[in-house]
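Common to both upcoming complexes is subunit A, partnered first by subunit B, then by subunit C.
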Partner chain A sequence: MTRFTRAMIVLRAFWQLNWLEELQYRGNFVASLLGTIFWLVMAMLTVSLFFRHTPQLGGWGYWDVVVLLGIFNALAGVVETVLRPGIGHLPTDVRSGALDLVLVRPVDAQFYVSFRRLDVWRLADVMLGLAVSGYAFVQTGRAISAWELLAFAVTFAVAIAVVYAIWVTLMSLAFWFVAVENMAALFDAVFEAARYPVSAYPGALRFLFVYLIPIAWTTTIPASALTGRLNPALATWAAAVGVAALGASRVLWRVALKRYTSAGG
Partner chain B sequence: MHLSPMPSAIVATELSKTYDVKVRDPGIKGALAALARPRYRQVRAVDNVSFSIERGDAVAFLGPNGAGKTTTLKMLTGLLFPTAGKAQVAGYDPWSGGNPFRQRIAFVLGNKQQLLWDLPPEETFRLNRAIYGVSLADYTTRRAELVELLLLGDLIDKPVRQLSLGERMKCELAAALLHQPEVLFLDEPTLGLDLEAQQTIRTFLGEYRRRHGATILLTSHYMADVTALASRVLIINRGRLLYDGELSELVARIAPIKRIELVLSETVSRARLEEYGTVAHYAPPRATLEVPRETATAASTRLLTDLDVADLSIQDPPIEEVIRIAFGETEQDAEEDTVRTDVQRAPP
Partner chain C sequence: MSPASSRTPFATFRDQYAELMRSAFLVDLQYRASIAIWLIWGVTEPIISLGIWWSIAAGGAVDGYTREDFARYFFGVALVNQATLSWDAWNIDRWIREGEMNHRLTRPIAPIHEAIADNVAYKTPTATIILTMWIIASLFWPAVRIPFEPGRWSLAIIAIVLAAAIRFLNGYATGLLAFWTTRATALVELQFGLSLFLSGRIAPLSLLPPRVAHVAEYLWFPYVLSFPVEILTGAVTTSEQYLRGFAGQAIWLAIWLALYLVVWTRGRRHYGAVGG
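Let's look at the complex of A and B:
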């Protein structure tokens, strides 16, 4: 059995378990769905408030910004579905020593920690976000080419990779500093900035979001693909950024794991 | 050199592990000072430990809390890198053996659980089947065997959160054995369990080893675990291996004693108690006597008839006592040791 098929079998087992677990908490689903709808409506109202005073935000029209907002919501959904319950739980596992039980198993620990839990209901956030993007796209009145659709799919995958890499990086700090739960709050605060196109920010912040905390690649680029702002060069760069972010986070994970001396030893 | 047809299941060669522990004075001032200029103290958790265990043997690793048992187990399972030394487990180097190595071992920790809290144990079993790549046929046979030997019955269909500690531990063991590991590491498997559950687990481990020829290395600080499961013991204290040999020899060496713990309703002088055995502790109304194993029952009967006794119990000496009696370590030795390590402050 190859490593890949083995990983897929484990992933399927995780999914089955999560469905079983989540079915016990259907009430959660309604609450989180209502929360997301409320959030989306509020966000769209805020944006329309901006547009009473200006026809453009960093060169983006109203419906263009709503396309981006939908992508932001879909990514936030990915965070809630996979990252927060999975890798976000790493600091607790390090502190309690529960990570030991993962490390003695014949499975890649980063894979295990990252995908062991899926808050399946939050997938609704992803759907809802993409639906809002789709609706806003129709409102822009543009036609989409096959290549633009492909570019969107690729850059959206890159966005997920970048967000994942940021989480792995932040959570790996647990191996050095043990108590890093607040890193998740830090991510939430900074990720808020991805609600608007990066061109709407002044130069220094733009530099920060493109090069240092690469959240510009998460929403602005996929939204650019849908609003005719993405050129092939930028799309290639985006793919490179995604691969580099994943690679860097993998290296950091390995270094961190080497350092790991389990709690209570 | 003697060549055996099969290599040993576990070989540890001069294993050592030193931790850097941050030291700080108590209080806010101490915390601030530690933040500004951290000081470290080196703690030798495991000091030059060597032993080897043949395939199919069960060996108990005994020692008081903090003796280095768990650290040694974590090194042998590949969780911790040693500061010095080598090891071989199931034919692999634990630190580079990767998944093929992990496939051949199981590590059960009495104080940590792998069972999924909200679901029945059966679901964790299924997950483990996927992780260890166990075929459905093997899974079905092994599951049936484990259910039978561990007396699990319908426990595996109840959510884990509804199970008692003992029931959970039995299910933990089953979950850890579905891939039929060659070497089984158990860290305090009976910790905090009621006597019945302890007994089931002991019987089970013995039977499982006989059936499958698994090698077992378990840590405990209960003498009862050892007498039931292992004929050979390793005694470790403050990181050093003090004894490696037959359990019977050790028992002979400690000149088998029992402890009688007394609560008295009347005031009895220390001298008077000395008539019944060696007084280990005397703090009226409580007292502890040490008596030879064979005469423990007789001494208790005499105590009960002669004196006004409110409560009496006969116990095995705690493992700390065994070590003290067998190896003549005194409290003073322990203090000197602490002072010495305190002085060795390493730069960060």
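Let's look at the complex of A and C:
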């Protein structure tokens, strides 16, 4: 059995267990769905408010921005489904020493920590986000080519990789700053900026979002694929950024783990 | 007789408050890195909004708002929001869910005073940090300078304190609904979402569709953020505007205080019934 198939079997077992657990809290599904719809409506009203006073946002029309907003919501859904309940729990594990129990298991620790939980109800956020994007795309009146659809799939995967890498980076800081329990708030704060195309920001902020905190790659690029703004060069760059982000997060994880001395150590 | 009984109730209360405040401040000091993160979290929203409006206003003023007006407005939002934000509903939710309310009920002082002490101990230093950053920014960036008018600034401070009190009582009273429901924090989030527009967090109220701005006038939302911010930026000028603003604040403070008292008295009884 290869390491990969073994990992997949473990993953399946986890998620099955999760699924059974979550089935007991069906009320949560309705509540979280209503919450998501509410925030989506608020976000669309915000965009409408901007468009009361301008015909375009950084060169993007109303429906183009809504396409982007849907992608933002889908990515936020990925965060809520997998990242926050999984790797988002890392600082607590480090502080309490519960990470010991992870490290002795015969699976890769980063893999286990990252994908141990699946808040299935929040998958609805992903669906809802993609549905909004789809609807807005139809409203733009564009036709989509097979190449653009492929480019969207690739850049959306890159976006997930970048968001994942940001989470690994932030959460790994817990190995150095044990007392900081709200690292996730830092992500929430900065990710808010990904609601709008990066070209809608003044130069200094744009530089920050493209190079320093690379959230520009998470929503603007996939939305560019759907709105005809993506050229092959940029798509290649995006793929490279995704691979680099994953690689960097792996290296950081290894370095960080070396600092772990268990609770009280 | 014990020495305590010879003291006036007020002196006892004052000492209790001083102690609550001291311990809240010491706890905050322990978590200063976390507080730094919450500060960043708090200022990103106004910065993002400012970034977008700054770009929109590139071609000229938007309904009378120039780029500089937006800059001053959102610096004001960052400051006033930090001084008035309310997270108490999440604490109450935890107190009730995890039984931490029980020992609080046995104390001689109502839990709301602990929350008030927490708020003062947290907001005074953090709002001061934002104010300091504003002052430093204004040295380099003329757009965010506001004219030196001590009278106006004093009125702004009063308005900010009243706004903090209303928003606190609003959040606290809503949070106390946790005595009956497990979704009290969802109601707080709902109000937080609406305040995006109705309080002027995303844009000055005058840029909203007139009907929405009109609805906002009948609610407490504008008085907890927009009004103090607009005193600071100079948008509030006539004595009629001041009068309407402060009257609105006084009315909503009274309403939320009354609602708190009702929910607290009934909720406590309800809670006793559950545990009894």
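As a working rule, the second predicted complex is superposed on the first by the 264 of 265 C-alpha atoms of A that agree within 3 Å, B and C clash if a C-alpha of one lies under 4 Å from a C-alpha of the other, contacts with A are read in each partner's own complex, and residues count from 1 in each chain.
One rule holds for everything that comes next: contacts are C-beta pairs under 8 Å (C-beta built on N, C-alpha and C of every residue); 3 or more make two chains touch, one makes a residue touch a chain.
Just so it is clear, the model here is predicted, and its values are computed rather than measured.
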Touching partner for A:R105 - first (subunit B), second (subunit C), both, neither: first
Touching partner for A:A233 - first (subunit B), second (subunit C), both, neither: neither
Touching partner for A:A146 - first (subunit B), second (subunit C), both, neither: neither
First (subunit B), second (subunit C), both or neither touched by A:F177: second
Touched partner set for A:L212, first subunit B, second subunit C, both or neither: neither
Residues of subunit C that touch subunit A when the two form their complex: 30-31, 33-34, 37-38, 40-41, 44-45, 47-48, 51-52, 54-56, 62-63, 183, 186, 189-190, 193, 196-197, 202-203, 207-209
Interfacial residue positions of subunit B with respect to subunit A in the complex: 17, 19, 45, 70-71, 74, 77-81, 98-100, 102-103, 105-107, 109, 112, 114, 116, 118-119, 123, 126-127, 129-133
Footprint of subunit B on subunit A - complex, ascending: 1, 6, 9-10, 12-14, 16-17, 20-21, 24, 96-98, 100-101, 103-107, 258, 261-262, 264-265
Interface residues, subunit A side, partner subunit C - complex: 31, 35, 38-39, 42, 45-46, 49-50, 52-54, 57-58, 177, 179-183, 185-186, 188-190, 192-193, 195-196, 200-202, 205
